[in-house]
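Each structure below appears as structure tokens.
Same chain, two partners: chain A is paired with chain B first, then with chain C.
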Partner chain A sequence: MNKDIQISISQKDEVSILYIKGDITVNSGETIEEAYRKVSNAGAKKILFYFDKDGYINSGGIAILIGIASESKKNGQTIRITGLSSHFQKIFNMVGLTKYTEIFPSEELALKGF
Partner chain B sequence: MKDDSIKSIKDPFKEIERSQQELEKRIFHLKALYDLSQEVGFLRGTQEIIKNLLMMTIGTFGASCGFIFLLEADKGEREAFAQRGMGKDSHEAILKMKGIEWFQEFKKLTGIQVLNEGDIIQRQGQRIDDMLSFCNIRIWIPLTINENLRGGIGLGDKISGDSYQRDDQELLITMVNQGAVAIENSLLVEQMKKEESVRANLARYLSPQIVEQIIKKDVQVNLGGDRRVVTVLFSDVRDFTRIAETLPPDQLVQILNEYFTEMAKIIFENQGSLDKYIGDAIVAVFGSLIPLENSSQNAIQTGIQMMKQMSVLNERWKSQYGFQMEMGIGINTGEVFLGNIGSPERMEFTVIGDTVNVASRFSDIAKAGQILITKETLASLTPDMRNKELPPVEVKGKTGKLEVFEIVY
Partner chain C sequence: MIADNKIELHIPSVMGYEKTAMECAASIAKKMGFTEDRIEDLKTAVAEACLNAIEHGNKMDTSTKVGVTLTVEKTKLQVAVKDEGKGIGEIQPPHIEDKMEGKDKSRGWGIFLIKSLINEVSFESSPEGGNITKMVIYLEK
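This part shows the complex of A and B:
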């Protein structure tokens, strides 16, 4: 598994966007948690996760995202997701992540009405 | 009639969609198993494996929370623990739980008897299930290592709102078993590393055969601090300073190495342990690491064989280098303190005490080729071991003179 992951953060109006490139596993997932906490501590209430279409997300990575989704609920934040391949959209739906987040086909659509 | 025909068209589509979803799920589960083998198969350290195993299972089932624990094989205390999504207070409460409590809880939830019935577990009036209720643990699977129940994993509600099905349970068992294999392997590697470290440490003092016996637990050794009656043998090369001055350094090193190798071999053959080299002197101990029936007998036997081997070496050195070496040996029996002594950077299993000092003193006064023993060593000699009494000697730190006996060989 590739442990390297690259995350860049940008702000568009009220939305904090996390651009995530690389495979998401237990180890690399910790970097996502750090990035989430960073925007969270800065007061972000609307967060968009932009995943890499070619990136792989294993079960450990999904567990990381469940943790973030659960934390965001407690923090009163709204999380949206984009950039996922259709395969992972189905997986997110299967494991129930779509109950906490909304998945959009593009960044533009995700930002619309956020 | 019209409605019915529409329904019959819709149903096959729904069926296909359901089948497709089921297929996607199966593929995801298969991939999860593959990923798990990749993630934990190469990890070392139970804590890392436990943590990854928990995360992979939570992600696979979309569980809201979960925890996993592994208890030590013998003591029943917690060896490794990981949790996810349990909140700080509950996490801390769980960390305070003792091994027996885990199994009591486990038994209550699963009906599996794992340890003797212990006390009814209460913690300041709060039952453990109350502590765990925050997470609604819905599924429990035992963690079995080397056919022993050593722990368990529990997962909370699925965030999808679905309940756990039979195939979920089967998949979780498979995942936990896969994790258990990784833990087994990791424990095996840890045990091998430990054995290798013990082997390397003991090899400095003992013969390879005895080291193997100790590793296999055929021979019990006491590496902790202890007081014990042992026999100490001191050998010293006579006139070594003059020899060292006359020989070229490389030749001196070669001769000393030959000498130490041959003598150590004899010590090991007689089940002695090589305590240390002090310059040209050798300190060997009998009856310390390995219990002996008659440590004096073994030490004297060693002394005689060392003297005989010295003659063999001298023959060789005489023809090769044109010189020979002589040594004197002192042997004493008595109580010593033995144990690993030193700083953490440099530990040495050694013996300390008056018994050692007297053996050293006897080796000092022994003439070339003499084996001198104390009254205490003489006391346990067999009648076939010939000896003669010499005039008593004064030994620093001892009041009065000590009796001295020379072994006739």
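This part shows the complex of A and C:
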């Protein structure tokens, strides 16, 4: 477990929610990937990543998320994202992650119609 | 170290210390009157330049340092990030499609982000050795 990050997992109907508190970097990547694989191995097809609005995300962290997005595409899963600050919403859009994931302003809206 | 309008700091070549330079730059930009949005852009650019210097420039050699110089001017903030390495050559712009399909490694977004977020950026070799990433952000974009 990386001390820069804490992840808790919950289930709401068919959606697996990963609550991620902390920094998204190469150092915390393994913890994020482990959490993703845990829900994936349990058969999750709809996954919501709930990020920390005050968390730090760098290019290494973006690469980790691209890797997860790529794996989810192969697994036929849908990923939604919430909790991001407006800055990181812009960054996700710039790098093209929003072509493969959808960003929502709140958990409630992300779960609606998921 | 502070000299007139210049602030210099040196961080170890260890991942995570880029946040020290990032917070220092953000604090100065806030005092200068930059908007919150532009401060966030600056933070990401400074962090990425430091990460490149730590990882690619200094190859995470803990005996080396990354030097960060912040120069405050009336209408702009200049940030120079210097490593002790030999340079990493030209980097092609990343494409997420290639990364999603496994045709390209998923890393390599740092320079793309710096160029996207900062008004001016240049990459130079220092006469004393090492590489310098010079960035300029203007008070009004």
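We adopt the following convention: the second predicted complex is superposed on the first by the 111 of 114 C-alpha atoms of A that agree within 3 Å, B and C clash if a C-alpha of one lies under 4 Å from a C-alpha of the other, contacts with A are read in each partner's own complex, and residues count from 1 in each chain.
Everything below uses one rule, namely that a contact is a pair of C-beta atoms (placed from the backbone, for glycine too) under 8 Å apart; a residue touches a chain by one contact, two chains touch by 3 or more.
Only a predicted model underlies this, so the values are computations on that prediction, with no experimental measurement involved.
A.B. asks: After the chain A overlay, clash or fit between chain B and chain C?
C.D. replies: They clash.
A.B. asks: Name the contact category of A:73: first (chain B only), second (chain C only), both, or neither.
C.D. replies: Only chain C; A:73 stays clear of chain B.
A.B. asks: Check the residue A:12 against both partner chains and state whether it touches chain B (first), chain C (second), both, or neither.
C.D. replies: Neither chain B nor chain C is touched by A:12.
A.B. asks: Can A:37 be said to touch chain B (first), chain C (second), both, or neither?
C.D. replies: A:37 sits against neither chain B nor chain C.
A.B. asks: After the superposition on A, what does A:53 contact: first (chain B), second (chain C), both or neither?
C.D. replies: neither
A.B. asks: If both complexes are laid over each other on chain A, which piece of chain B (1-9, 55-63 or 91-99) hits chain C?
C.D. replies: That would be 55-63, the only stretch with clashing C-alpha atoms.
A.B. asks: Residues of chain A that sit at the chain B interface in one complex and at the chain C interface in the other, please.
C.D. replies: On chain A, the overlap between the chain B and chain C contacts is residues 25-26, 58-60, 62-64, 66-67, 69-70, 91, 94-97, 99-100.
A.B. asks: Across the complex, what residues on chain C touch chain A?
C.D. replies: Where chain C meets chain A, its residues are 15-16, 18-19, 22, 37, 40-41, 44, 47-48, 51, 94-97, 99-102, 105-110, 112-113, 116.
A.B. asks: Touching residues of chain A toward chain B in the complex: what are they?
C.D. replies: 1, 25-26, 58-64, 66-67, 69-70, 90-91, 94-97, 99-100
A.B. asks: Could you please specify the touching residues of chain B with respect to chain A in the complex?
C.D. replies: 21, 24-25, 28, 31-32, 35-36, 38-39, 51-52, 54-64, 84-85, 158-162
A.B. asks: Over in the complex, which chain A residues touch chain C? Could you list them?
C.D. replies: Per the stated touch rule, the residues are 4, 25-27, 56, 58-60, 62-64, 66-67, 69-70, 73, 85-87, 91, 94-97, 99-100.
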